[in-house]
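What follows is a structure written as structure tokens; I'll ask about it next.
All chains are identified by letter, namely A, B and C, in their written order; residue positions are counted from 1 within each chain.
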Amino acid sequence: MIGHLARKLGGALASLVFVVVLGFFLFRVIPGDPVVAMTRGRPVGSAQIADLRARLGLDKSLGEQFLDYLVNAARGDLGTSYVYNRPVADLIGERLWPTVLLVGTATALAVVVGLWLGIRGAWRRGSRFDRVSTGVALTQWAMPTFWLGMLLSMATGDLFPTGGMRYPDTPPDFLSQSLDVAHHMVLPVITMVAVVYAQYLLVMRSSLLEEMHADYLVTARAKGLRDDLVRRRHAVPNALLPTVTLVFLHLGLVVSGAITVETVFSWPGLGLLTYEALTGPDLPLLQGTFVVLAGAVITMNVLADLVYRVLDPRVRAA
Amino acid sequence: MSPLLELRDLSVHYGGARGGTAAVKSVNLALDAGQTLGLAGESGCGKSTVAMSVLRLLPRDARIDGQVLLDGEDVRTMSWGRLRAVRWASASIVFQGAMHALNPVHRVGEQIAEPMRLHGTKGSVSELLAQVELPPRVERAYPHELSGGQKQRVMIAMALACSPRLVIADEPTTALDVVVQAQVLALLSRLVTERGIGLVMISHDLSVLAATCDRLAVMQRGEVVEEGPARSVISAPTHPHTQALASAFPVIGDPAFRYVTESAPEGPVLLRAERVKVDFGSTTAVAGVDLEVRAGEIVALVGQSGSGKTTLARTLLGLQKPTSGRVLFDGRPLPSSSAGLKDYRRQVQLVLQDPTSALNPRHSVYESVAEGLRIHRVPGDEGQLVAEALNAAELRPPELFFPSLPHELSGGQRQRVVIAGALALGPRLLVADEPVASLDASVRGEILALLLRLRRELGLGALVITHDLGLAWSIADRVVVMYHGEFVEQGPVEGVLLRPRHDYTRRLLAAVQPFGSV
Amino acid sequence: MTAIVWERRRAAAWATWREFASHRGGLVGLLGLGAIALLALLAPLLTDQTGLDVTRAPGRPFEPPSGEFWLGTDNTGRSVLLLTWWGTRVSLVVGLSATVLSVLIGTLVGVAAAHFGGWTSALLMRFTDFFLVLPSLVLAIALSTVLPRGLGTIVLAIGATSWPATARLVRAQTLAVEARPFIERAKALGGGHAHVIGKHVLPAVLPLVFVNTTLTVAGAIIAESTLSFLGLGDPTQISWGSMLHAANVHGAVSQRAWWFLVPPGLGVVLVVLAFTMCGRALETVLNPRLKGER
């Protein structure tokens, strides 16, 4: 267990370092000249270009730049945004919590809805309930998240706010502020849940279907257990385990969802920040969001693996 | 008084409405308390279906006709509530393959206690574990932490949890080593006498049933073809199918089961292993052994699973590199280059345990047999060479089998295809890993006869790897007993099997003897 | 001999088709795809391409549906019907090419990682695992931002970020096949790497790769629309994603121009759904483990 933990953490650390290196490679090496990329299609004076070069440290050799970048990244310094003219790390820090709030709420809801529907569907495979819920899930899964968001905000009209996180004129007390945020969150959360739950439903359903042929379920029935007990006590706990891993493996999808949903609803989180960075294009900012989003997903996966270790006795011993 | 279990004219059809396939046809059986009834038959004969129908555990598309009387009450017409109450409390099942029949994420103790809680039976899990000779700490273990024999015991403890009057054991010892198998059987017999329960024992292995049963029923294609006291059914079978089953489990020491007639020829040494040692990390699979196989000689390498016999075979074939020591063929060390090994493999061929998985399911018989010819670019008319190989493996007429796919053949035919594929390259030595273990009893004899004929006609040497001492008795000239990676005893078959010197050989023999004592 | 083999293969293919056709969802998906592909191919014959030119837009901006413009007009006054019709071409071409790239990389990496063993494959697998965890859209955004805009960039960005799932699947399947005794038999017969991979592994893995391909296309089309929606698409090409981008930027939502919003999105949903239904039906037919399920 300890050995595994050490190995896992070591692996995660290596992955994080690799993300940072990849960030450099993507945003400094591939573009050739980042300044050209950033000023593409805009009239820029040569003085401005020289200034930008100096600020990005492009006058040094690639090797030196790489070293500087690594040292800075290790200190938590992700460079300076070109558009905002502020440290990237500060910007990300401000925008982190709205995203955590949105993604957290949406994922929790999607997991509950998806797993419940998946279990019901699998247990009564081929029933009308199963056919309808699978069909709806497949359709939802086929929908681009942002399109659904746009449709929803058009359809609900003025019922819900369609941009931002709170109104500027809301009283500053905690209750009104919370209610205001919740009011703003309704549409983005519904949009994300609608697309993400389908994934969970399908995974849970097929994993339970696979479990349904297991011999230990016959044992359970032979013991005289009622059908719902066979399901609850024996089939679901086993089917849940592979589902948990898959759910976390698909966390990247949730992040993708966050980027487009925040863009549609102007939710001031990391997703919107990414969008702002890519429209610039503000390469230092985009680099920062890339490293943070990828790093977050890797960290979540390590956590998921540890949780899985605790849940599943078979791997716990190994 | 009505018997504990009575099947009256029981038929089971799969595939929904009328016209489905019949898995069980008009079976009549009865069992009293304190008795053991054996149900014998090959895979697919319907014996497990009979077991499942007793507690109405068959899949929804199964249609049951006739009566299943449990203490005089028909299981078929019970309400769901009554059925749930009867399950496990009146009759329980020891399922085939304890590995999968236990829930992997619950502790063993929980799983044993579950039916007790459900049916309101008093008793303690540790007592039950003690009855099946397991230490109390097993209660806190998960199934994967236990050995195969321990899991089987747990299944038995679970079956006894609600003190049922009837226990059905479906292949309770398959996949267990012979020594453990004998222990589990002894345990079951003891429980029958001590608790006065009725036991239905299902197995494909007559020797298992002979050791435990009072009465025996033999099934074939869903029908009971012979029934009677166990002793008379086995010693004087009347139905040809029973005779075939009985002859597949040879009695060691009985000349009737010794197929080797002529004495071993004194050919030159073909294959020689010198101090071969194979380590996997820190575990030693093969601990420095010497072995010789002569041309035209059949050597049996006997050992339990995990004894290192398969690793040794892979090393002899050059599929596994030895940690130290060397293998010589024709007096020359095994080449290490891939080209040299390729050449070596024309001389030494492998026949695997399970012909079903040894053949690529997508390749026709022709392609499978021609595979070696194509790899080695053997000159000559491919079609004719394939036909000759199939002929030699007694698949006649060969052209008829050319387009067949493995799943269209019987198990015996598949093993013949594997043998033909090996023969096509004209090898001088066959390494056969459990060549008949996965075959139905009735076709084992045919395959063994084929191996002996090939030895006689082609002068082929063979190394037969097996866990089955009876198989060694049937066809080998010499036997080598392997235990924990070492050879504990070797010599001519008659010497080793009739006058064993090593303790382990004696244990192995004792475990398979019950049949011989009938 | 070969005649018999071919006859057998034909029979097997026919049986596979019969089984596929018995899945209503798969059949509907296939028919839908056929119809959409046909429409996309015939677009230059049935419609007038000049209507796509912004400078020669026939209508006023945001005209609701009418007899002249069945699906109204966009923010520049072009027919939404025409744009959606032509957008099909780009979305399909990008989706398919990105999938080919992705499946190719994935299959190569997967087979190599499973077959050769040793530390190279361990490294390959770590590499795959790393990219599998990495949010692919984020990576695709990064790639398409730093590379020059164009269809090639989009294809590369999607293809180079969506292969790990295929690689894992192929690796698992290769490992499963290689654990089967017939591989041992082939090696004992003297077969080398090329023989084992070519004769045994690939024929067993390719059906699954095919299934995976249909599902990957679905993902790639969504990815294309997302990247274009974010403004990373080829500015000279019309795709469903770029239409939605224009709709978002020019305030179609606040103007309630549903006719501008619904058609391109519906196009994505229909095509993705069709591919998914085909893929699921194929999966039940070709993946023996799933027989009788779903």
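Just so we're on the same page, a contact is a pair of C-beta atoms (placed from the backbone, for glycine too) under 8 Å apart; a residue touches a chain by one contact, two chains touch by 3 or more.
Just so you know, these numbers come straight off a predicted model, no measurement behind them.
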{"item": "By mean Cα position, the chain sitting nearest the middle", "value": "C"}
{"item": "Which of A-C and B-C has more C-beta contact pairs", "value": "A-C"}
{"item": "Separation of chain A from chain B, taking each centre as the mean of its C-alpha atoms, in whole Å", "value": "51"}
{"item": "For chain B paired with chain C, centre-to-centre distance based on mean C-alpha positions, whole Å", "value": "47"}
{"item": "Separation of chain A from chain C, taking each centre as the mean of its C-alpha atoms, in whole Å", "value": "22"}
{"item": "Numbers and ranges of chain B residues touching at least 2 other chains", "value": "none"}
{"item": "Multi-partner residues of chain C (at least 2 other chains)", "value": "none"}
{"item": "Sites on chain B touched by chain C in the complex", "value": "317, 319, 338, 341-343, 345-346, 349-350, 352-354, 357-360, 362, 364, 366-367, 371-372, 375-376, 383, 402-403, 405, 418, 421-422, 425"}
{"item": "Chain C partner contacts - residues on chain A that touch it in the complex", "value": "11, 15, 18-19, 26-27, 30-31, 34, 37, 125, 138-139, 141-148, 150-151, 153-154, 162, 206, 209-210, 249, 251-253, 255-256, 259-260, 263-264, 274-275, 278-279, 281, 283, 286, 289-290, 293-294, 297-298, 301"}
{"item": "Of chain B, residues touching chain A in the complex", "value": "52, 55, 57, 83-89, 92-93, 95, 97, 100-107, 114-115, 118-119, 142, 144-145, 158"}
{"item": "Chain B-facing residues of chain A, complex", "value": "214-216, 218-226, 233-234, 237-238, 241, 312-314, 317"}
{"item": "Residues of chain C touching chain A in the complex", "value": "126, 130, 132-139, 141-143, 145-147, 218, 222, 225-226, 229-232, 241, 244, 247-248, 252-253, 256, 258, 261-262, 264-265, 268-270, 272-273, 276-277, 280, 289, 293-294"}
